[in-house]
Structures are given as C-alpha cells and as structure tokens.
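Same chain, two partners: chain A is paired with chain B first, then with chain C.
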Partner chain A sequence: MGYAVVGQRVPRVDAREKVSGRALFTGDMTLPHMLVGKVLRSPYAHAQIVRIDTTKARSLPGVKAVLTFEDVPKIPWNSAGFPPSPGAILMEDQYILTDKVRYVGDGLAAVAAVDEETANRALELIEVEYEVLPALMDMEAAMAEDAPLIHAAPQNVMAHMPIVIGDVDQGFADADIVFEDTYYVPKVYQVSMEPCGVAMAAPDMDGRVTIWTSTQMPHLVRGITAHALGLSTSQVRIIKPPVGGAFGSRLGVVNEPIAALLAIKAGKPVMLKYSREESFLATESRHPIKMILKTGIKKDGTFTARQMTAYIDGGAYATHTPSFAGPVAGWFLAMYKSPNIKVDNYSVYTNSTQCGAFRGYGNPQVVFAVESQVDDIAAALGLDPLEIRLKNHPCAGEVWMWSSWVIESCGLDEGIKRASEAIGWGEKRNKQERLEYAQGNGITADSTKKRGVGMAYMMHVSGARPMLHETSAAVVKINEDGKANLIYSNSDCGQGAGTALTQVAAEELGLNYEDVFITKTADTDVAGFDIGSHASRQAYSGGNAVKKAAAAAKEKLLAMASEILEVPAADLEVAEGMIRVRQEPEREISVAEVSHKAHFGSHGHQIIGAVSEEPPGNPPVYAAQFVEVEVDTETGVIEVLKVVAAHDVGTAINPAVVEGQIEGAIQQGIGYALTEEYRYHPGTGKPLNANFTDYKILTAVDMPEVETILVEASSESGPFGAKSVGESGLVATAAAIANAVYDAVGIRIKELPLTPEKVLAALEQKGN
Partner chain B sequence: MQNFNYLEPGSLWEAVGILEGLEGKAFPLAGGTDLVRTFKRIGFREHGVINLKKIPELSGVKFDGQVMSIGALSTVSELLANSEVDEHFPVLAQAARALGTPQIRNLATIGGNLCTSSPASDLAPALLAYQAKIIITGPNGEREVAVNEFFKGPGQNVLDRGEILTRIDLNLPVPGTIGAFLKHGVRKSHEIALVNTAVLIIPVRGSDKIAVARIALGAVGPTPFRAWQAEEQLAGAEGGLPQFEEAAKIAQELASPIDDVRASADYRKHMAGVLVKRALFQAWGGKV
Partner chain C sequence: MKREIVLKVNGESYQVYVSPEKMLLDVIREDLQLTGTKKGCEAGECGACTVLMDGRPVNSCMVLAFDAVGREIVTIEGVGGLEGLHPIQEALVEHGAVQCGYCTPGIVMTAKALLDSDPNPTEEEVRKALAGNLCRCTGYVKIVEAVMDVSKQISESPELREKLSQSQEFGAKTVGR
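Let's look at the complex of A and B:
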C-alpha cells in the first residue's frame, strides 16, 4: 500500500498517560465546593410508591439537595444514544427519577451532600412506602394475558417488528428438510474497568451546566440530557475525559441528568459516581433473547426459506430496545442468502434492569443461534461446514440485506482458508480422538477429556447507515511550527480510535505521526457534532471526516507552497513534514516554513481544514473464528485451547490496535460462551450476582492462545480502505465454541452460557 | 469513605484487652481482603477496626526441623516464597497458590483466612490434612486447638471474646508422605472454590499399600472437614484407581453442599467425588 503512517504499529496517543496511571478519569476529578451525589434505589422489582417523605433527609446538616419524582421535570425521555433518524424508535418512558419502580435498583430519589457519609445517611432518612406489585422476571410472565402492566403497553410488548421477504411457506414447501430450533441467550454485562455511571456536573451563572462524563457519545448525550432537564441543547456542555472502557454501556445517557439536576438544585458541583454494584444494578446490559429459528434447505445446501421469531427482553424501560430490534433482524437477514426470509421480533418489558448496547448490538445473540443451527444442518446433511457457509454468504458485488447496499469488498473466503489451516482443521476435525494420558493401572482418571474443533462466521457494520445518520466533524489546523492540531469530538473509550484518526490525519497531511495532536478530551463547546463511538464507526465515519479535513488543509498548504516554490501545486508532494517538487526532489520547503509564512508573511492567516459530513457508505466486515476445545466429560468443564480469528477489517490503520480489539473482544466472547450470566431471583427479582465475585469474567490466566489473522480487503469508500473492527471480535466466538463442543462430544447446547452442569446434563441425555 | 473508630495495639496483650473490652463491637484487621468487602457492604459505623498488623508476636515463619510455626499475620505470598514450606508441606503450598490472585495473596494472611472461617477456604483443607494446631491467645492465656475442631459453621469458629489466633503449628509429616491439593471453580484464578480438597497419603514403605490417608474437603459443608470414613477405607488398602474411586464415593456422601448462584448442590457433590478421586490418583503418581 505504501503508506507512511497508516498501517504502522505506532504507540497509542494515550498509551503513556494510561500505563503510568496519570490519566485523569472523570471519577478522579474534583472541583472546589464539590458535593457528593447518591441515588436511592428500589429494593423491589415492581412497586408503586405510595408515599415518600424526605423531611428528615433535608434537615440533616450537610445535605444540599434532595430530589424525588416531585422535583424532576415532567418531561418523558429515552436514554438511548440515537440521532433522530427514521430507524430510531424512541419510546419516551423514563423520568430522571421515578414514582413507580420497575426493577430492583430503579432510582427513586437522589441527594447531594458535603461528603459520601452524609449523603448515605440522607438516603437512609428518606421514608418510602411501597405498594408491591408482582415481579415479572421473564418474558413469558410479562406477556401473560393477566400480567400487570409495567408501562402502558398491552401485554408488556413494547414493539412488534415483522419483516417478510418472498414467501416462507412456499420456501419451506420447496425444502428437502426443515430445521426448527429454539435458542436462548442470557443477560450479560460489559463490565468495563471504570464502572458505568460516572458524571460530575457544575452549573454556571448563565443558566448553563457543564458535565464531565464517562461517555461514548458526547453530543448525543448533550441533547438527551438537555431535553430531560427541560433545557436547550446548547445550555449543556459535555466534556469527555479518558474513558475506562465502554463496550456499549455508555451508548447514551447513564446518570448525567441526575448529576446535573442535583448540581442545579444545590448550586454547586456534584460528583455522581456509581459503585460496581450500582453499575450492575442500574445500567444497561446485553439483551437476553429467545430465538426460534426455522430453516428450509435443499440437500445440496441451498436455503429455500429462513425464519426467525425473536423475543427480546428489554427490561424495565424501552431505551434502545424497539430500535435495537431492527439490527437484530438485520443481522439475521444478512448472514445467508435465501429467496424467502421472515423475521418477527417482539420487544418485551420485564422487571429487570433495562437493556441497551453491548459490543455487537444483537449480532452475538443472532450469530450464536444461526451458526449453531447451520452447524447442525451441515452435520445432518453431511455437508462440509465450511462449504455451506462459503456457498451461502453474501459476497462483494452482491446486495447486503443489512443496508440494502452493494458490498464493497469481502475477505471471508481468504479468512476461512487461512484460519482453518492455522487451527489444523483438516487433521483435527471429526477425529474424536481420545487423549490418553494413560499411566499406571491401565485405567486413567483423565481419559474423560475429549477435543474438538469448531468454527463460526459473522458479518458486521462500519457505522449504522442507512438506519441512522453518521455525522462526524473534524478541524485540522496547521500551527506556525508545522505541526497540526486535530480538533475532534474524540469519543475514544479505550478502543484506540483517537490513535487511528491521528494516523489518518498525519497520513493525509504528509506529517509525522508525532506531529499531529488530536483533542484527547472531547468538548461539545469546542468540537463539531459527532455521533460518537457506536456501531464500530469511528475509523470509517470519523476517519472519513478527518481525512477530508486534512485534505482541505493540505490543499491550502500546497497552494501556498506553490506560490513560494513557483511550481504548480499539482506538482508538489508532502511527506514527513517536507514539501517537495515531485520531479525535482531537491527543491523542497518544510511545512513549518510554509505555515510560518502563512501566519506571519503577507497573507496573515492560519491554514485550517474543516469538514462535517456523513461517510458515503457502510461497508460490512467479515470474520471467521475457529476454536479448539477440550471437554472434560467427568467435570463438564469446557476448556478453550486455542482461538484463531481471521478478520476482514479493510485496511488496518494500526494493526496493533486492531489485534488488541480482536483479542479483548474474544475474552468477552469466551465469557459469553462459558461463564457470564447476570441472574435474578425468579420470585423477588433481586440480582444474585451484582459483583465481581459471582459475575464471572475471565482472567488473564483463563485466556487461551489467540491467533489473529488480518485479512485486509480494503473498502472503496473508507479512508485509506478502512472498514471496522471495534465490535466484531466477539460476535462469532460463542457459536464457534458451541460448535467445537459438538465436534468434541456430540452435544448441542442451545442456551448460553455452556456451563459444566449443562454439559453434564446433555452428556447424560445423550447416554454417555 | 466513612468515618470509623480505628485502634492499633502494639502488643498481643493490648489487643486482647481491647477486643475483650469492646464486646465484639470491633473487627480485627489482618490482611483486610475480606474485611474491606464487609466494610463496603455494611460499613463500620457501629463498630471499630483493630489493626493487628503492628503486633510483633503474630509475624514470622519458623521451622526447627520438626515443627513449622506460622505466625497468623504471615501472608499467603510469604508462605509461597518460603522454600521450607514448599519442601516439607507441598500441599499447603499448592493450596496457597490456588488462593485468590497475586494481589490478594500479597495481602491475605493465613490467620485471617482461618478466622474468616469461610467453608470455601483454600488453606483450610491443606491444614486439616497436615493436622495443624491452632494457637490462640486470650484473656485466660494461651490455648491450643486442633484445626479440625476450630471451625463451627460458616463464618463461625471457636474463638471466644477477646481471643486472637496467634499462630499455626504443623508437625513435619512422616518421610515418604505424598499428597495433592485440587480446587474446582468456574475460573482458574480469582476464584472461590466450588469444591476443594487436600489429600495426604503415607504409603507402607516398600509396598503398594497405604498406611494412612487423610482427605479434607472444602466448600461442600458448613465447614471444611475431614472425610474420616473415606480415610479409614484406604488405611491398609492397596493404592490404585479402584480403591481411590471407592474412597471418593464415600467422601462424596459426606458432602452436604448448598444450592446457590455459584453451582447446584448436586454438581458440587458430584465434583467432591471427582476431585477426591483425582487428588488421590495424582498424589499416588498418576496424572490428572
């Protein structure tokens, strides 16, 4: 490709401050006279508040503000971070604090006090009388005819989305075999190391409020927060310091309106910092979904009909859920070609914490179901599991059903080839070889361990067009020393977007990477409107705006250099901070000298490029993940021995960052497959594992060998051919593991996580 | 952060006096790995914290060739770094290695691990297998309790008002003693055991027979316990997988685990058998 900065493994722009512990996260900050905010949370999953008395709390010395439903603007709102778009279905069913609690942890009052202890005492002094209602902890209970209503939605169904392409009945009639299976995936949490829900708000004398918050989307959070507070958008200023991981958990408003309202009422800055437990209790997670898949297929492996009926557990408030149902349908539609496809999605309220975005946005759920079933179909028909995928996935030049646009590039076939070789697919597949560690007595305690290999594929997005707008804005200004600032609403939440965008700017400008400085902190008073970090969009959509802003600055730079060197601008090139005449490289001038002349010579201006626009497309990315497992048939434990992940990411702007994204995602994917599940007491609705002792994320010791293969099928429309990588690393992992388990011991578990107890039960049923 | 009373006795007797005077209204602090969780959960508002870490009598690991004396404040990392522990009490070293994470092992103390009296303690089964003696100092002076009599229930032990666990004594095992510690959890690290077990076998010299076997289990009953009947089954028996399976079956029947979010009682019980069998087999020289 011959790029100077793009494609290089340069150190991340935030590496030094983070590895040294110097980075200041929102929770590290303080302001003079800052108060501590706390939220009173419901102990009941479903209850009407009959009486609430805050008299004693208000009279406690040191308490500066107490809020209940009575004190919040009566403006219903929706916390999900969507730009108003045709694809966004934003049911407004929330208030900043509620008068009817709908899950254990629902916020019903908030206080601000001089210190944490006083704030906690104030919470204890608030007297609440509840009329407890039945807790509807699963979708069946919520959708029952006589179930009490969580909101006004009949049978607690917030939305139903039917999609029909062709005629599935005809398709099933045309099929040689029809498969029907039900899959269930549980609620899991993003558990970023910085707990979700950290905001510091400070009101000013002019009716504005500034909120420092750990968010993925400064501009959208500004708008939603302003709306909830009854303010105009520009009256809220969002500043986003470094964020300690997000994975979707900060894809919208979390607790910014509570912090802001406390600060406004108290007239002082307020820090509202959720604990780990509160982060579990009261912030959004991955949606549990029950998926019923019906697939008709010819013996040669041609799909005649594909159908999915999905019940999506949205929890207590709508937030993302009715909109989220769209991509859920999209992932299903787009995976395999079929003339007849039908999707029925039901979004359901339950008395659990509201669900939202988590890396993959419905795709890991759908891929687990689809790829589990395709594996069974291949086995039943005696088809090669790789061939059935290669034959039926949409390719470059074909229409991709997710966006209805033509696919720009596809590296899946190469990925499957390289990854299958790396895992040793040919040798290991279907051998069912027993590992004999036989020692002594001729009987071993461990002939119970069986190995298998499995794989799954996935496609994902680079942004959410055309469902949503994907606006980004960038300003590139070249300073008088020839170095450049990149002013950008940098919503990097740890994924490395700020680094990649700096590389794009440096590449386009012809400057060294070290000489371009991105605004590490996003500030809505400074940077132009940007949708934020969602849908793996920053490299593609953000990169598009940054590249064009850099190109605009470069054009002005070369025009000026052309005057000085007295050659046409078209004959000039710029690299490593030097502008040269292409045919006579000895005629050169530094960017610094040109910029200095621009500032202080006869022109008197700074060279600036500015752009705000949507990117031209939404090129899909592909991945094939291959996994080798060892199943202990005596303990039920599944050990993942190796993961080979081949990802078509388009051009990898920074391969080290890309690999880091994939490896980190695989850690979450293995957790999703094997150990993670957030659970509620089925009767009371109380969470059973809202902590890191019993919510089992994998440790470094649990990680297998991970081999990452980058397939760079560059896009036509992306900056330097980039597509995306942020979410896709975990999408196929659970399905690949489930398929490897099937290969190892012949059991098909259709419900995540694949716990030892489920493995033993399945083995027993199989008659081992 | 919350304000609370903090006391820092400089001697054992001062600590005993304070503990006795506060009528159970004070939390003794050693490593703090469990206490900080308690603090976060309920706060110390009505209670105080007595930091034991400045008491010199509670520190240090000494070995005189026959008895290993481990001060209650010895951290798990200190046990792991001690070559004499590794050489003479390898099953304790294995248990220590299985506890928590490196960060927790750097803070957590052996005394704290015992006094917390979690049924899932990783050190307890190893200490049970080595027949450790617990030395306790209180208002009436020093007393000694066998480790199998120390635990009384989840979070409960024999310590009376004003008493402090000061050290643990281990007798050097008979030469030729072999053993193993196994832990089963969802994760390989940073884990609370669903089941753990420590086994020691003293073979009859020059034969395939077992003279003495000791089997201790954790997390499958109100306290860590010795599986006496399983041990008796093996005493005098030939060593080998069929015998180990038989003993494991007996040990499994002695387990009375609970159902909770971590695992079902049935699975824990099943795994108690599997783990005992595998530990005996591994100790005997098989590979798990």
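Let's look at the complex of A and C:
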C-alpha cells in the first residue's frame, strides 16, 4: 500500500469546531424576523377529521400563518429519500398535512408565530372534531378481513413481494432435517442526540425557498420537497449544516415541506424544531418484522432449501416500506448459499408511526432471525457454529445474490479466526474448560450467574447498486497557493465521511491533508448532485467521484509541470505538495508554484477537476461479531461483558473513524438486543415511552469492553480499496448476544429485546 | 412577568429580561446566543445541556434562570476557543472521540468538572461521571479513552496540573463573546 494520507488517523475536519461548541447546527441559527413553527398532532391513532376551525388561532396577535389540509397542495408524495431507480417503489400516500389521522402524532395543522408561546397558544385555539376509527396497532389486526382501511390498500397490505429461486419443495424433500421458527423484532428508534426534525426555511423574492435542514440527503430532499410544494426542483435550495447524528432517521424528508410552506405563507423565515417527544412521535423508525424461517439442511451442514416469509409493519404511511422489502429479501437470499430459496414479503399498514431507515436497513432484523436459527441448526446437528458459517457463506469470486455481482474481496474467514481467538472461543465453548474458567472468575457450578459466548456474521453493502442510482459529484480546484478546495455535497452526519473524502482527495493530489478543504456544509446551489448518506455509500461511492476529480486536477497539474520542467508528465510524481521527476528527485517544483503560474501566467486559468458519475460496483463488506455474556438466572438480567467485532471494511481510509463507526453501532446493537423497544398502548395506540427515561439507550456505564479488529480485504473497484463500514457494526450484534445467551443458559428467545422477563420465562419453561 | 436578572457566565456579567419560568438553557442559547450548549430532551435525561454552576455540572434545562443568579456559570464557550483548546478538548480531537458532536459540549463540561475535582479517576469513575451524558454515535469508547488520557497527562505533567488547578481563570480568560 504505502499511502501518505489514506490509512492515517488524522483528526476529523470538523472536530475542533464541535469540541469547542462553535459548530452551528440548524437549530442554533436565527434569521431576522424569524418565526417559530409548531405542528398540531393527532391524539387519536386513527380518525377522520370531520371539522376543523382555525378562526380563533388566526386572529391571535402574533400568529402569521395557520395551515390545515385545506391549505396544502393536493399533491400526494412519498417522504423516502430514493432516487428514481429500478428498485424504488414509491407509493405516494402523504400530504404535507392530513385530513385523516393515521397515528397518534400525525400532523393535521401547523402554525407560525412570533414566538414559541404564541405558537403553542395558537395550536390550543384550533378546534378539531374527529370521527374516531378503530386503532389497528398490529399487523394481525390490520390484515383482518373486516379491518377498516388505513389507506385504500385491500386488507391494509401495501405490497407483496415474492421471490423464488429453484424449487424449495424439492429442497425440503432433499433435506435430512427441516427447521421452522418464527422470529419477531420490535419498533426501535435511531434517537440521534439532536432530535430528528429541525428545519429553517426562508422564502425569497425570486420565488425560491431556502431550507437549512438537518438531513442525510440534501439533493433528494430538495426534489421531494419541491414536488410536495408544487415547485420545480431548482426553486428549492437545501443547505445542510452539521447534523447531530442521523442513523437513517433523516434519510428523506422529515419536516422540510411543513417549514417551507409555513415560510411561504407567512412571507418570513420559519424555524420548525421537533422536541424529543415529537421526534419519537412523528418521525420514521426501524421496521418491526415478523419472520417465519424454514430451512432444510443435510447432516453435513449443506443447505438444501431456505425460505423466509416476512410481515413488515410499515406503519401509517408507505414511505420506504415497499422498496425496503427488496433489501430485506436481499439480505436473506445472500447470506448463505443454497440451490433453492424462496422469499415472501408482505408490507402492511398499521396505525403506528411510519417506518423508514435505521442503520442496517432490514439487515439487523434478518440477521437476528437467520443467525439465531443457524446457531440452533449447528447445535442440533452437532456442528461447530464457526464451521457451518465458513462452509456456507458466499466468498470472493462468487456471485453475491444481493447485487447479482461478483464479490471482489472477502475477509470473513480471517475475521472469524482473529475474533474467535480474541474472545477465547475455544476455551469458553469447551464445557470443561469453561467450568474452570468460570471458577477462576469466582463463579461456581451452582452460581446463579452463568457465562456464555456466541457469535454471528453479516454481510452488508457499499451503496445500493444496482437497485438504486449511486451518483456522486466532486469538484477539486487548486488555488494559487497550492492548496485545494473540494466542493462536494457533504452529507456527513457525524460518521466522518467528510474527513475520509478529504483524505482521498489529498492522497490522490499528493497534497498534505491539512491543505485540502472540503465544503463542510452541503449546499444544493453549489455542489453537484449527490445521493447523500445512505447504504454506507459515502466512502465508496463518494470516494470514487472525489478520487477521479482529484485525478483529473492532478493530470492538468502535471501537464503544466511537465512543460516547466521539460520532462514527460509520466515521469513526474507529486507528494506533500511537491512535484518531482521520479528518477531525479532533486528536479522539483511545488504545486503552489505551478498553480500560481496557471492562474497568472500566459493563459490565466485555475486547475480544476470535476466529475459526476456512479461508482463501478457495490462490494459487500463482512463482519463477524463475538460476544461474551453473563446471565443472572435469578433476575433474568443479561450483562454483555465483551464484544469483539472483526470487520472487513476494505482499506480503512481512517482507522479511527472506522473504529468509531463500529463502536457506536455496537452501542445501538446492544440496545436493540437488550433494552430498546418503542411501545404503544394496544387499545388506544398512544405511545408509552417517547422519552429517554422509558426508552433506554446505553450509557457509558452500560457499555461493555469493545475490541475492534480491522480486516482490510481491499476491493478492486473502491477508492484505494475502500468498501464500507457505516452500518455493519449494528447488524450482527443482537444475534451474537442471543446466541451467547443460548450458550450460557440454553434458552432460545426469538423475540427482541431480550428482557429479564423473557429470560426468566424461558428459564422457567426450560426447567419444566 | 419578565424581570431583569444578572447572570455571570464565563466570567462576564449579563443583564437579561426573562420570565420566571424560563430555563437557564434557553436563556443561554436565546438571550446570550451561546449556542454551544445543546438541547437534546429538555427533561434532564440526556446531558447535552450540561454547564458548570459553581464548578459542578448541571443540566441547564432543569435549572430556572432565576435560580442561577449569583452563581458562576461556565458554558462550553468558556472552556476553549480561538486562543486554544482545553486539554480535554484536545484529547477528544486526538482520539477521534467526536462524531456528530452534539453531545460533545456536554461531555466536555462533565469531564472538566470530574477532572477538576479528581484528576486521577478510575475508568469506572469516568464512566459513572459520564452516565448522564448520552451519546448515540461513539459507544463512549474513545470518549472514555480520551478522558483517561488527559488524566494520565495531568499526573505526568506538573505544569498541566498547575494550569488546570486555576481552571476557573482558564474559563474566564477564554470567554466566547
């Protein structure tokens, strides 16, 4: 390798402004005459609005705009941040405000007023009469024959996606054993620390509206917002300041259309900030899914048939769901090789808040089910859990069924080897050795605390090709002092993409990291079209465009240097801002001098490289995660003692950033496994835990030791061999914990989260 | 009824007209325009709004501005700026412990209060001190490493110890506005 900037733990481009509190997030901004926006939300899970009277609210002094369904463009739209692509199934069933409420918290009116107090007062003055309908809080109720319809979809099924490869019936007939299990995973929230839903909109005199918003997808949000408002795309300008965490929650439109419409109607800037409660109530969560897995296998561990029937709870609006069913099928199909595979995915409407993206995009759900069952299969057949995975996972050179493309590189086997050693797999899985180990830790045979180790594996994407477009654009301009600007639609939400892309540009240009400046804020009026931050795509897809733009600038730079030094450009190299003749390094000229000559020499011009394109592929990444747990059989409490995460990310452009992604994702994965579940009252549909006291995410005290192992099986097509890392740390965590619990106490819980109540119930059942 | 109060923030006195229900966090962010202190829940659950009051970390969303009268308040803007970062901030940068950065000001304030009162905490004590500061990005791994690293620097460097023991002045000298 031998890279100068790539592979270095350079400090992040935005660290100093953030650590000093100087970074201005959207919610920190103000504009002269700015109004405060507020949304009136439904107290009912399902109801028709029969009368709404805003007269009193409108006449309250200080109120500058009041909107209801009457005032919004009658243009149905879909909030999901998808580019029009073969894999995007976008059912348009939303309006900016609704006349029929479909979940507790659904927005039916909005106001803009001079201050928060007045805005809140105005909301209270809006009179609404509802005709309450039955709340359909789970998929069974929603799919019942006589269930009322949430939208027009018969039996509230918004989509059905069947996929058949080979002949599963034959495959099950060929199997030595067939396993059938049902798994359920609940609704969970991304809970970025900056509440989801903060936008500031300002109309201008040219019929355009500028929206500062905390988003993952500046360009796609521009298009969807414009569509919902009845404007053309270029009439909306999106500016994305620093974002306080996203994890999928801002993967599409959140509240930009409401903010913009308020601003347009009031003729003044409007700030619309959701509270923590509102960001639970009214923004997209991860999908709950019921998965029925049927797997046929030979005694030697060869799969003969794999089948999944999944019921995906999409909540009250379609948004991502019908498209999301595609990757859900893809994760399942692609995990293990089998000649016969069948998937049946049903996407269902319920009266819960609509679901969207959350780190992993269906993969954590599927991997929990598949890896739980594979562990049971290994135990039943007396196979080594590592062997069954090593034998059946798709590998480099084989076709990955998620994309139907050949896998470029695979570091899984090395990852499994190193991670299993790090956790002490051999000793701890061996019953006798484990007993001794336990005694060494003061745990006797009759202790109520039992330890176990478990593992799970996963594969994930580097973008969403060929299902979705993955366009990125970059412009690199070399200034007269030899330093460079990288103009990019920087949709970094904290993951460090802006830093990694700066490193890619610096490496390719031969400049020092400190001498390349990326646009920290994305601005759709400035940067070229970019899909945004989804599908762990920034390093790979964004990196591809940035590297090529830098290469284009470098080519021009070297062409000019070749004239000055009178040697062919092919004989030149550039490093640390100096251009040298490769064979005679003492013949050199600085990038600054060449660039200065370009600007102010005989043909004044700036050296600029520009690229807009899609990346060549979508190399999958692999991870093997191992955990050790301690289960208290008296209280049912599971404590995670250690997580070892071996990730094949391709080349790690910045190892500290990569580790940070894995460590943070593991915190979310442990929460998914043990504590996180967003709950509704089954009768009324009222949320029960829309706050941090009742929706528990892990604190610094709760986090176990985390050891990350980076396996760098570089890709052929990625920038300097990079693949991805953004989502993968979360994906296999819950499954690995469930498998460790099984190892510790022999109980198999097929429903997340693994609460003490479920543990105790399972222990009791096992005892009987 | 709004009333005039005087708040001492980052060593400077500010006269503000505020209603008795207004929280210190909102006064800091809106009236003083010190927006480094963040709002994550307004319910005392997340620590994003942590400031120091007489050297102790408090959730400023739970403190009435009126109750902060007469207290020494330090916000993130008082801890480090263009003149230089506090060693805790430097360590967070060096260790890659900042991701989205929304929790970071609160983390800095809590860590500062901890190290001011106990420059050599155990890892467990660091974790306990930070338990009220939620972070959704980092898994706390590099944050804890960074704080432990500063503690080590303090024990190894008498000058640093000296500098930090006058931490109030450190705050006062680097007022944001």
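Please note the rule applied: the second predicted complex is superposed on the first by the 751 of 768 C-alpha atoms of A that agree within 3 Å, B and C clash if a C-alpha of one lies under 4 Å from a C-alpha of the other, contacts with A are read in each partner's own complex, and residues count from 1 in each chain.
To be clear about the criterion, a residue touches a chain if its C-beta (ideal position, glycine included) is under 8 Å from a C-beta of that chain, and two chains touch if they have at least 3 such contacts.
Being a predicted model, the structure only gives us computed values, none of them experimental.
Visitor: Per the contact definition in the header, classify A:P195: touching chain B only (first), chain C only (second), both, or neither.
Guide: In the superposition, A:P195 contacts chain C only.
Visitor: Thinking of the overlay built on chain A, is A:V701 touched by chain B (first), by chain C (second), by both, or by neither?
Guide: In the superposed model, A:V701 contacts both chain B and chain C.
Visitor: Going by the contact rule set out at the top, does A:P756 touch chain B (first), chain C (second), both, or neither?
Guide: The first partner, chain B, only.
Visitor: Examine A:Q667 and indicate which partner it touches, taking first as chain B and second as chain C; both and neither are also allowed.
Guide: Once the two structures are laid over each other on A, A:Q667 reaches chain C alone.
Visitor: If you stack the two complexes on chain A, which partner ends up touching A:E634: first (chain B), second (chain C), both, or neither?
Guide: After superposing on A, A:E634 lies in contact with chain B but is clear of chain C.
Visitor: Identify the partner contact of A:F600: answer first if only chain B is touched, second if only chain C is, both if each is, neither if none is.
Guide: A:F600 sits against neither chain B nor chain C.
Visitor: With both structures fitted on chain A, tell me whether chain B or chain C touches more of chain A's residues.
Guide: Counting residues of chain A touched by each partner, the higher count goes to C.
Visitor: Thinking of the overlay built on chain A, is A:R679 touched by chain B (first), by chain C (second), by both, or by neither?
Guide: first
Visitor: Under the contact rule defined above, give the chain A residues that sit at the interface with chain B and also at the interface with chain C.
Guide: After superposing on chain A, chain A residues 275, 693, 698-701 contact both chain B and chain C.
Visitor: Please name which positions on chain B make contact with chain A in the complex.
Guide: 1-3, 40, 43, 101, 184, 186-190, 192, 240-242, 261-264, 267, 270-271, 274, 277-278, 281-282, 284-288
Visitor: Quick check on the complex: what are the chain C residues that touch chain A?
Guide: For this pair, the touching residues of chain C are 29, 34-43, 45-46, 48, 75-77, 79-81, 85, 89, 92-105, 108, 126-128, 130-144, 176.
Visitor: Of all residues in chain A, which touch chain C in the complex?
Guide: Listed in rising order, the residues of chain A that touch chain C are 9, 11-12, 14-25, 27-28, 190-195, 242-247, 275-276, 493-496, 654, 656-657, 659-660, 663-668, 691-693, 697-701, 703, 706.
Visitor: Give every residue of chain A touching chain B within the complex, in rising order.
Guide: Result: residues 116-117, 120, 275, 437, 439-441, 443-446, 634-636, 675, 679, 688-689, 693-694, 696, 698-702, 756-757, 760 of chain A touch chain B.
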